[in-house]
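Labels A, B, C, D and E are assigned to the chains in the order they are written; within every chain, residues are numbered from 1.
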Amino acid sequence: MHQKTQLQAETIRLISGTNTRKCMKCGKCTASCPAFAEMDISPHKFVSMVEHGEIDKLMASKSIWKCMSCFACVERCPRGVEPASIIEAVRQTVIRKQNNNYLRPENIPELLDPKIPQQALVSAFRKYSK
Amino acid sequence: MSIENKEFKPLIVAFCCNWCSYAGADLAGTSRLAYPAEIKIIRVPCSCRVNPMFVLRAFQRGADGVIIAGCHPGDCHYTTGNYYARRRMTLLFSMLDFFGIEKERTRVDWVSAAEGVKFSTVMNDFSKKIHELGENRRLGDLRCKMPIEK
Amino acid sequence: MQRIGVFVCWCGTNIAATVDIDTVVEAMKYEPGVVHASDYQYMCSEAGQSKIKQAIKEHNLTGIVVCACSPRMHETTFRKAAKAAGLNQYMVEIANIREHCAWIHKDRKEATEKAVVLARTAVAKLNLNTPLTPGESSVVKRALVIGGGIAGIQSALDIAEAGYEVDIVEKQPTIGGKMAQLDKTFPTLDCAACILTPKMVDAASHENINLYTYSEVDSVGGFVGNFNVKIRKKARSVKADICSGCGICTEKCPSRKAENEFNLGLNKRGAIYIPFAQAIPNVPVIDRDQCIKFKTGKCGLCAKVCPADAIDFSQQDEIVEKQYGAVVLATGFNPIKLDNFDEFGYSQSKDVITSLELERIMNAAGPTGGKLLRPSDNGHPHTMVFVQCVGSRDTTGCGKTYCSKICCMYTAKHAMLIREKYPDVDVHVFYIDVRTPGKNFDEFYRRAAEDYGVNYIKGMVGKVAPTNGKLLVQGSDLIADRQLVIEADMVVLATAIEPDQTAKSLATMLTASIDTNNFFTEAHPKLRPVESPTAGVFLSGVCQGPKDIPETVAQASAAAVKVIGLLSKDKLMCNPCVANSNELLCNGCSNCQHVCPYGAIDYVEKEFRAGGKTSLRRVAQVNEAICQGCGACTVVCPSGAMDLKGFTNQQIMAEVDAICR
Amino acid sequence: MTFDYYPGCTLKTKAKDLDIHARNAALALGIELEELPEWQCCGAVYPIARDEIATRLTSVRALASARDRGRELLTLCSACHHVIKRVNNDIQTDDEIRNKVNNYLAPDIEYNGETKVVHYLEMLRDTVGFDTIREKAVKPMTGKRIGAYYGCLLLRPNNVMAFDNPENPTIMEDFIRALGAEPVLYPYRNECCGGYVAMDDKNLAAQKCKNITSSALERDVDMLITACPLCMYNLDINTNTAEETKLPIYYFTELLAQVLDI
Amino acid sequence: MQNADREINKEKISVAEMAKQILEQGRADRLMGWKRGEFFYDNSPAVFENLSELDDFVYDLFCGSNLSKFLVKESRKDGKIAVLLKPCDRYSFNQLVKEHRIIKDNVLPVEIDCDGMLDIDKIRALGIKGIKKITVDGDQLQIDTVYGPKTCAREDVLLMKCLTCKDRVGGDRFELVKEIEAMSSVERYEFWRSELSKCIRCNACRNVCPACTCEKCVFDNDKSGIANKANTDSFEESLYHMIRAFHVAGRCTDCGECTRVCPQNIPLHLINRKIIKDLNEFYGEYQAGEDDFSKGPLTRFDLDDVEPDIVMERGGNK
């Protein structure tokens, strides 16, 4: 594997704290994911793509913004692999780059919604920007 | 101590359990997997038969390294022997280290009857370590007031 | 002082090419105790052996060292030779100068030096050898089989056929085990009952077999050849010797609340019941927790209707104590509880069932009379989803880490049977891997997919949501890389299997070891797969690891052969290299007893006389018939009283000294 | 018994109902909730990335403060509970995170995960007892069919949250029974409402919420209860817009206060 | 560790009075305690068979010696023997009962209080000589000497073993062990070599050790294969202390008697403490003699015990 991709993959493993080799490719994560319909790369592929060092593709993926961190995949994985943590690690890798924030205040018209709880805003900014 | 720069030929004692590691050593032999001749094997029924005294005795008599090899935990022929050996040897090595005997001179490894390659790798590796450490004279002198003349 | 002969083998060129034989022979002549040293091309050959025998007589040797190949190879050969020449066979030591020397070293000088050291180490040890005599113990010519499933029945039948008495202890009211609950068997699709019930009858009618049903093993003492076992015969509340098995009581019993265990709770049974029609013995049992008579004192209807007057409410548990020469463990398995897998909705919908439950539903004698009906409304299902690996191959602690082995095949069987009987039912199988090693197994699975149109989906189910009377099965199809939702009528879970819980307590009683999953451990995973490491205890069936019926039967027969081999002996020779306690030194501290894996050490109070006074002391005694000679006790003994014959402290110390000379 | 109480940002503003009723009900049940002095926002989402230390600090401050006061830390908002409980677990199990956090905060006494984090519902179950609520119910909700909506934050991951059976929880159902009402089980009560993704993808959240409410409506519920302001928001704006999915949603503490007649 | 079958001084009467009552009331036939010695600081263990013998009984600041070991023999004699057990002695007592060395049924254990015993050498080292009488005054000792009254801090003259008494709060008994662990392996070797070279093989440590009660000691038993009779470079001679430390591993209660009696002041207890520290760290806290039934750490195991490599992974050897 190329040195750069190797390093990228290692970073993802480190940030997520997950051992991708434990995956036995059962697909229970993808079976459980409530955001699957909106995803271009399914959760189980995140695991194998990290294993194969295809981090650039993952960073460009739409899926990382659709994962709701609901941990259904983590809870149900029979091997203790944490797809949600991997997705989070990829998302972090993206937004930690300068000027790479996914969400900017001006993009959220809902800010005007008087009902919106603080919690929603705080969490969205935590998840989508740095 | 000799001042001449003679080639260091270490003396290494290996205690091997009859059922796994001794058989592993046999397999290493059958497969012609070399390891240094300085390693001499003593056959014991089980790693749990190795009394810490044997290890101390070897060091006191001038051994440079002692290695104990047994069945993998869970595979002991006598079901539990290696678990006891594991505790005893951990404690012994730590005590030896406390007395200033480099901990690299002692080792426990688990080698099954099928692991001829592992046996040879482990022995080569251990011997390499001992070569790096050089001669071990310390334990025999531990309670002597005068340096031993030779 | 010993008179030692050293015999150096060339092993053709195997040794001689690398080791200078003459140097070794010459060096040995000066070792203490050595009175003779010689060499030969092939020591293990007839000629080589007679050279040894000759030398023993000629030089009046007390012991011999053979420098040759591994003792694992020819130790027995040379021991026999020594014995033939009148030596004690334990006065033989082998210096392994082939596998541990000649074969691994290239440098002739180095190898020769090492061979000398190995030889003198063997001499040093032999100088301290003493003649050893193997002990003998008698053998009780009766075997105990614990568990009355197909494994236990097969083992018992084979042992009984060889002419030995066998007792089967079964905790359920009938023998038959899990196989009795199955409908058809893969890959031939013959009916389980049709092949099992004749065997049950054979077992019951065999003159050498004695059944203890509704019984449990209370305690085990003794050792190989002489196990002393207490069996608890639980009170049936029915006199088995009088009961005719007419079954009137079971029909009349007014209590109908108990879950029918045999049908896995899919229907109810009476408080007095016979598990199933072909049960053996065909004697009912009263479930005292359910019986109105036992709960309130009133009722007693069964006693009134019994034509044989066989009901006995006052019956008590009975303890039977018997001796056995060998024990076969055949305790079987159960499907795991599904509490940790509620995403599959087992606890939320009746239509989510386990595969074993499906067996009962498919069975003509089952709760639906063999009709495939949805448990919730007895309707006909149109779509069925099978989920594989439920609780198997799970490393999170929720399930089992191992593959349950049988699920792939029985799921293929279920799918095939359903498609055959009800072609209108769509059958989907979610699988992680389909594992079909076995004769005609893969063909069978492919037939399900190819001929019967079972839809195999590579993927897993994430959630089963009971909605609008249907089950919404959300799963993944990894080949298509999609998530899909199947609207199913029934979901069948291929539930992981685990050893029966009795395995754990039996393991303690028998000092037979179990692994982290509570499966019994075999003495050697490849070479001794039906023996437990504890002498005289043998393993049969799933209690040793997941397996299907043919494998179970094969192992059961193998275990039986081992038992027969054991029982056919009048005396057992014990390994003489066993622990030995020097009572004069023993402190009585119990350390050795704590670490002995076999329970071979007992303590006795013994009188000692010293200086005209007698004193009572607690000392360890080793039962040589049980001791296997591991030596764990020798190291924990603080006083040095415990030693191991053949591998004594002095001997090993001498070996260390000889190496470090 | 007195707990240190961590209300969290939303409970001070948009989710006042959740907070006020909780305080009043606790008082009525003999539980004292003392608001943790100078608490800061927990961050609303748990920092999954193992290398994030800064985002863990506010939780640790709250935890250490409760430890110093010798109290258990009581939370109410699902998000706060999730974040604080998981950070606490990190401190307990991950040496690296513990060392970094302590080095950064340099507290007088190192924080090593001593504090026990308790959710309000757990307090009701374990300290007060659901039987006590049943006894003290002035206006029991007899005949009402109530669906519990758990969401994800309270339940998952179970090895850390250890709140209830993650796939078949019962604590809210037991709570509903204590209110005198009838709990209704529906399969989507532990499925995600969309969470923060609602800020980015309204449709996704709307779809998820529709699944949840229609699953509940199919079982004939009168109302849903939740412990999470974000779930409340998502469910509310997404379902109460259309007539066929209209379904009243309450914070569980609102009903508690109502039943206790506060 | 209080058992129902033990005497506990509830009324807080003096120990001497207790001893008297026990013999008077016939609760035991004999009593094991301490006897006044020739000098005020050399009290020694003694068995009292009747009231008149009790005149020599003493329990004061110099009763450091552990009585448990004597019971190995005493409990095998006829009749019941009462024994006075300071908190530290109870561990040894329990351990010996556990190992069946003491016949429990023949012994009446009497638990007595102790505030720490004094070390005469430490007092002397302070330059206090010609001592006539010592009285305790809070944290201070008032010492009446032929040269007039002196005082010193009680803490400064306690026996080494009392400084890290298991019943005292605070204090890390492993402090010194940790210091040695922090040395380089050469330093450690030199440390022990200089300490152990002082050893004169008087066997006092063995003789006093409550864990050393073997019917026949391996060091006296040339047939054990381990020992060779004294001979300067023989195995047992040079490794005497190591062998002994391993011999009592998992059974040593850390009573500190070995160091107390060593005429050469070798800190022998540090070897045992090192082993105790390792056992605690590797296999969980364990105090030998905490009770009289549990299995010691070397006679049990866990499936997931640490591998011996742990010695390699744990720091040290700088």
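To be clear about the criterion, contacts are C-beta pairs under 8 Å (C-beta built on N, C-alpha and C of every residue); 3 or more make two chains touch, one makes a residue touch a chain.
These numbers were taken from a predicted model, which means no experiment stands behind them.
Enquirer: Stepping chain to touching chain, what's the minimum from chain D to chain E?
Expert: Each step joins two touching chains, and the minimum needed here is 2.
Enquirer: Which chain has its C-alpha centroid at the greatest distance from the C-alpha centroid of chain A?
Expert: Comparing chain centres, E lies farthest from chain A.
Enquirer: Starting from the Cα centroid of chain B, hunt down the chain whose centroid lies farthest away.
Expert: Using the mean of the C-alpha atoms as each chain's centre, the farthest one from chain B is D.
Enquirer: At what distance in angstrom does the C-alpha mean of chain E lie from that of chain A?
Expert: Roughly 61 Å separates the two chain centres.
Enquirer: Averaging over Cα atoms per chain, report the distance between chain A and chain C in Å.
Expert: 47
Enquirer: Hey, how far is the Cα centre of chain B from the one of chain D, in Å?
Expert: Centre separation, chain B to chain D: 58 Å.
Enquirer: I'd like the Å distance between the centres of chain B and chain C, where a centre is the mean of that chain's Cα atoms.
Expert: That gives a centre separation of 34 Å.
Enquirer: Among all residues of chain B, which ones touch two or more of the remaining chains?
Expert: 52-53, 57, 61, 74, 80, 84, 88 - these are the residues of chain B that touch more than one other chain.
Enquirer: Residue numbers in chain A touching 2 or more other chains?
Expert: Correct list: 37, 72.
Enquirer: Which residues belonging to chain C are in contact with no fewer than two other chains?
Expert: 343, 396, 463, 595, 636, 649, 653
Enquirer: What are all the touching pairs of chains?
Expert: Touch list across chains, by label: A-C, A-D, B-C, B-E, C-D, C-E.
Enquirer: In their complex, what parts of chain A are in touch with chain C?
Expert: Within the complex, chain A contacts chain C at residues 22, 24-33, 36-37, 42, 44-45, 72, 76-80.
Enquirer: Could you list, by residue number, the parts of chain B that touch chain E in their complex?
Expert: For this pair, the touching residues of chain B are 52-53, 56-57, 60-61, 73-74, 80, 83-84, 86-95, 97-104, 106-108, 138-145, 148.
Enquirer: For a test of understanding, state which residues of chain E touch chain C in their complex under the given definition.
Expert: So the residues of chain E in touch with chain C come to 76, 98-101, 211, 213-218, 221, 223-226, 247-248, 251, 295-296, 298-300, 303.
Enquirer: Touching residues of chain C toward chain E in the complex: what are they?
Expert: Contacts found on chain C: 516, 584-591, 594-595, 603, 615-618, 636, 638-641, 648-651, 653.
Enquirer: Spell out the part of chain B that touches chain C in their complex, as residue ranges.
Expert: Within the complex, chain B touches chain C at residues 11, 13, 18, 22-23, 25-26, 28-30, 32-35, 37, 40-46, 48-54, 57-58, 61-63, 74-75, 77-81, 84, 88, 120.
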